[in-house]
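Presented below is the structure to which this report refers.
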Amino acid sequence: MAIGTSTDLGSGPAAGPGLVPAAGPARQPRLRLPRSPKVLIGLAGMIGFLTLAVIGPWIAPYDPDRSFSTTASFPQPPSAAHLLGTTQQQQDVLSQLLAGGRSTVLVAFVAGLVATLLSVLIGVTAGYTGGAADDLLSMLANLFLIMPALPLLIVIFGFLPPSQGGDDLLIGLIIAVTGWAFGARVLRAQTLSLRSRDYVESARITGERGWRIITHEILPNLIPVLASSFLFTVLYGVGTYTALAFLGLVNPNHWSWGGMLFYAQVAGAEQSGYWWLFLPPGLAVALLGTALALLNFGIDEFINPRLRAAGLSRRRARLAGAGGTAARPPRRFVLGVTPVVRGREPR
Amino acid sequence: MTAGQAPAAPARATAWRPLLEVRGLCVDYGAGPDAVHAVAGADLTLHAGEVLGLAGESGSGKSTLAYAITRLLRAPGMITGGSVDYHPEPGRTVDLLAAGESGLRVLRWSQISVVMQSAMNALNPVLSIGSQLTDVLRAHQPALGKAGAQDRAAGLLAMVGISADRLGSHPHQLSGGMRQRVMIAMALALEPQIVIMDEPTTALDVVTQRDILEELMELRARLGFAVLFITHDLSLLIEIADSIAVMYAGRLVERADATALFRAPRHPYTLGLLRSFPALHGPRQHLTGIPGSPPDLRGLPAGCVFHPRCRYALDRCRTDAPALLPLAEDGGRLAACWLQHGAAAAPAELAVPAPGADLAAAPTVRTQP
Amino acid sequence: MRVISRRIGFYLITAIAAITVDFLIPRVMPGNPVEAVLAKMQGQVVTKATLHALELQFGSSTSEGLWGQYVHYWSNLLHGNLGISTSNGLVPVTTVIRGALPWTIGLVGTATVISFILGTLLGVLVAWRRGGWLDTLLPATTFFQAAPYFFLAFLAIDLFSIRLGWFPPGSARNNLDFPAFDWAYAGDVLDHAVLPALTIVVASAAGWIVGMRNVMITTMDEDYVLIAQAKGLPKQRVVWYAARNAILPSISGFSLAIGFVVSGALLTEIVFSYPGLGFIMLTAVQDADYALLQGIFLVITMAVLVANLAADFVYVFLDPRIRQEA
């Protein structure tokens, strides 16, 4: 929380608002996502995890709570019967992994949705209205932004009776309350810049109502930023929920990846080399996060085309050179040394 | 060669020798089938001590040409053909297109410097004016030392009428006019032979514009550098330029001495430009402008690129592109138009006799009455 | 300076808000915290004084109204009284925190600074050498950004400690030794700190790298960078001119991200059994030591505010335009 944040940054994927594409008045910017590999992988990953969330518990080979032996006291390494081994309580790890996906994904998306709604409400209102309301709402957003979210959530969940610690919806809501502030700031900045555009000014002068202007002129142009903000918040939700579960603040009877890591910690997995206890859930969280981040990158590059991997892609360079004896255009452009690429007849 | 013109200021004895020769320069943005040909086959010669104006509409490629010459064009621009030869002394040639990064580094600023349109953007906002003046000095003339560089920087500021106590100021603390002056001082720090000015006064109000231009011409007379002055404002060039080159859609269409161009244009586009602004004196004219709009560089018309907007277009113009060729008359004029090089006679407006010998003898006056 | 004083004013408000939130939560949550605490304290002697202190802490005593309790809470706070820690043998919360804080500041503070510097430098490099092989690093950084800190901690221990045996698997020092100000002790502490610090650096550097890269790319499009090249300045100077400007949004980003980094670092401490705030936070959660939890929350918030203030000072120092305004 500091001075001069005209280009916002987070420790998350570059959440720079950059430039809103100069779409005109009330024209839906065409949602042409660039077909870069990043976006495709991210999209595929996200769809994969969403599917897992839905069908996970059904395709699990065993009941995740079921204990397979009362005699063995150590976690068993992967075997034919248990593809990912067993926990200390002799429960099947794979089943837990598949079942745990649902609550993680659910909580994260609920958090993302609610937080995005809140951020739109507060951010756009602040940016459009201006004046005292803007000052107040901005102050509120900055407050939430600066207060460290996880410690606050730990205190909240610490005081929460265990019975309610298992309600995914409630958890998602509480997480959302701590996560809306960043999106609100970004949206406010964009709304401010859009508000001064000519077509919005003219709409105001001709007497269009405020809320109509917001929904018809401003919101459509905010869609890319909204999408990026949503993904970022979902990413935040995944991380935060996993952390809370890892600390044992979430009802342990409710399977989640963070919970699996909690039990891994209890079993001393890292000290004893029981890698199958922490690697699968941790990797799952990391991969889900990576998919979201890649998708977010793709949207960021769409918003700010300068961020695309520079130079020419190999394919385009090949095409360029295909027209005869032309020298290949350089893959890397060095600032201040314009390349000289001969092979073209002067017209 | 522009015969009959008064030689440049006494600081440089070598007057009117070619300093920079550009032949057939082609610049593209992007590569492959989607490439945009921003400059196609430009021929340009800048002489020592000359003020050459480069005029044209937005998107005509004038800035592209200037930056390409110095290899400062940003990605995805690239030079795809032609040659750029710089002659620092008679008999020595430097091929600017073949120069590598280190070769360019030595040449830059000491031989060729740049003044940009917006000084607010061209000056580093977090560094002081003084350090932005001394960094070039320290880089190119390390023998000066820190104190020597400081003194020289103060001298540079004095040259443009700014007091030395501003050395510690930052760009945002100066007015627009002052910033532009600082840019000019910066550009002259190493006493280059060529200064390229990209619309240096467009962003300023008219009064400041006049002041700066006057100072500039004074400095030019004193130090004798050549200027490549890029602008869309032809009326400005009439006053300060020795010669003017007109660009359209990435091509040079005419080049002549300033007065000759103004009084006796030879290309229909030039004529159109001249008729787009009113003269302060003389009878009231009907402003005609030029019908249509500049073409999209991706879809240029066949033949002469200007023919769709030209009221004098011949059939030949639709199919054959005219080359920039010298005109038969005296004065080293060039024009790319079938009306001038074809069999038929040019229309009267384009065949006005050029200002004659009486003007040739008089030294070109720079300061305004 | 006006700008700085405005920031300080804002931080004071935030501090007050945090304290108020801390005060309100036990009173707003369903359930009776005092009973929960007592339930966990089976086996310990509970005096009347302790009971009374607990009730004051959590607001179950009905003798004072809400406002009265609030005032009382504030007065306690200003006297340095954060309550009694029930999971650590009924010692004051402040004692517990004071024991753990130096470890956290040492580890997290150092790791964060290293990570920021490293990430920023790498970001500049990646931006300058665009289109080169460094760009291939970028997808890898997204993985490290998405992976939870504590997962990376697990990996680190498993790989470097257990399998490779390079570093000890946990704790801040060999617990059998008494702390002493000699090189052996210092060496031991460092030895134990490498893995946790490494984990924090790897987990957070990715964010700085990407952030700095993006800002540098935008900055390199500015005219003054082109002019720097046109001046024929040596390459390092041109990069410096650009980076000197690009660092400003990066510092703002630092302020935004510091909360995340601290949270992640605390979780890392837990995995490494590092005796910092994170570790005692876990035991507080498990033993329902609410007073300690509240105290930790306050301390962390204050630390984040101080870090923000420091970043603001640095920003003002680096940007002459803001200095002008002040």
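Letters are used for the chains, namely A, B and C, taken in the order the chains are written, and counting of residues starts over at 1 for each.
Following the convention adopted for this analysis, a residue touches a chain if its C-beta (ideal position, glycine included) is under 8 Å from a C-beta of that chain, and two chains touch if they have at least 3 such contacts.
This one's a predicted model, so the numbers in the text were calculated from it and none came from an experiment.
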Problem - Shortest path length from chain B to chain C (each step joins two touching chains) - result: 1
Exercise for the section: State the chain with the largest centre-to-centre distance from chain B, centres being mean CA positions. Expected result: C
Practice task
Give the chain pair, either A-B or A-C, that is connected by more C-beta contacts.
Solution key: A-C
Completion exercise
Note: chain C sits from chain B at a C-alpha centroid distance in Å of 57
Practice task
Mind checking the centre-to-centre distance between chain A and chain C? Centres are C-alpha means, answer in whole Å.
Solution key: 22
Problem - Intercentroid distance (Cα basis), chain B paired with chain A, Å - result: 50
Completion exercise
Expected list for chain B, residues touching two or more other chains, is 72, 74, 104
Fill in the blank from the handout: Within chain A, the set of residues that touch 2 or more other chains is 310-311, 333, 335-336
Exercise for the section: Would you pick out the residues of chain C that each touch at least 2 other chains? Expected result: 221, 226, 229-230, 248, 319
Handout entry: Footprint of chain A on chain C - complex, ascending
Key = 3, 7, 10-11, 13-14, 17-18, 21-22, 25-26, 29-31, 33, 129-132, 135, 138-139, 142-143, 145-148, 150-151, 153-155, 157-158, 161-163, 169-170, 204, 207-208, 210-211, 213-215, 217-218, 220-221, 225-226, 229-230, 238, 248-257, 259-263, 266-267, 270-271, 281-282, 284-286, 288, 290, 293-294, 296-297, 300-301, 304-305, 308, 311-312, 315-316, 319, 322
Problem - chain C partner contacts - residues on chain A that touch it in the complex - result: 1-14, 16, 18, 38, 139, 142-143, 145-152, 154-156, 158-161, 164, 182, 235, 239, 242-243, 246-249, 261, 264-265, 269-273, 275, 278-279, 282-283, 285-290, 292-294, 297, 300, 304, 306-307, 309-311, 331-333, 335-336
Completion exercise
In their shared complex, chain C is touched by residues of chain B numbered 70, 72, 74, 104-110, 113-114, 116, 118, 121-128, 135-136, 139-140, 170, 172-173
Problem - chain B - residues contacting chain A, complex - result: 24-26, 28, 31-33, 35, 37, 40-41, 67-68, 71-82, 97-98, 100-101, 104, 321
Fill in the blank from the handout: chain C residues touching chain B in their complex are 221-224, 226-234, 237, 241, 244-245, 248, 318-321, 324
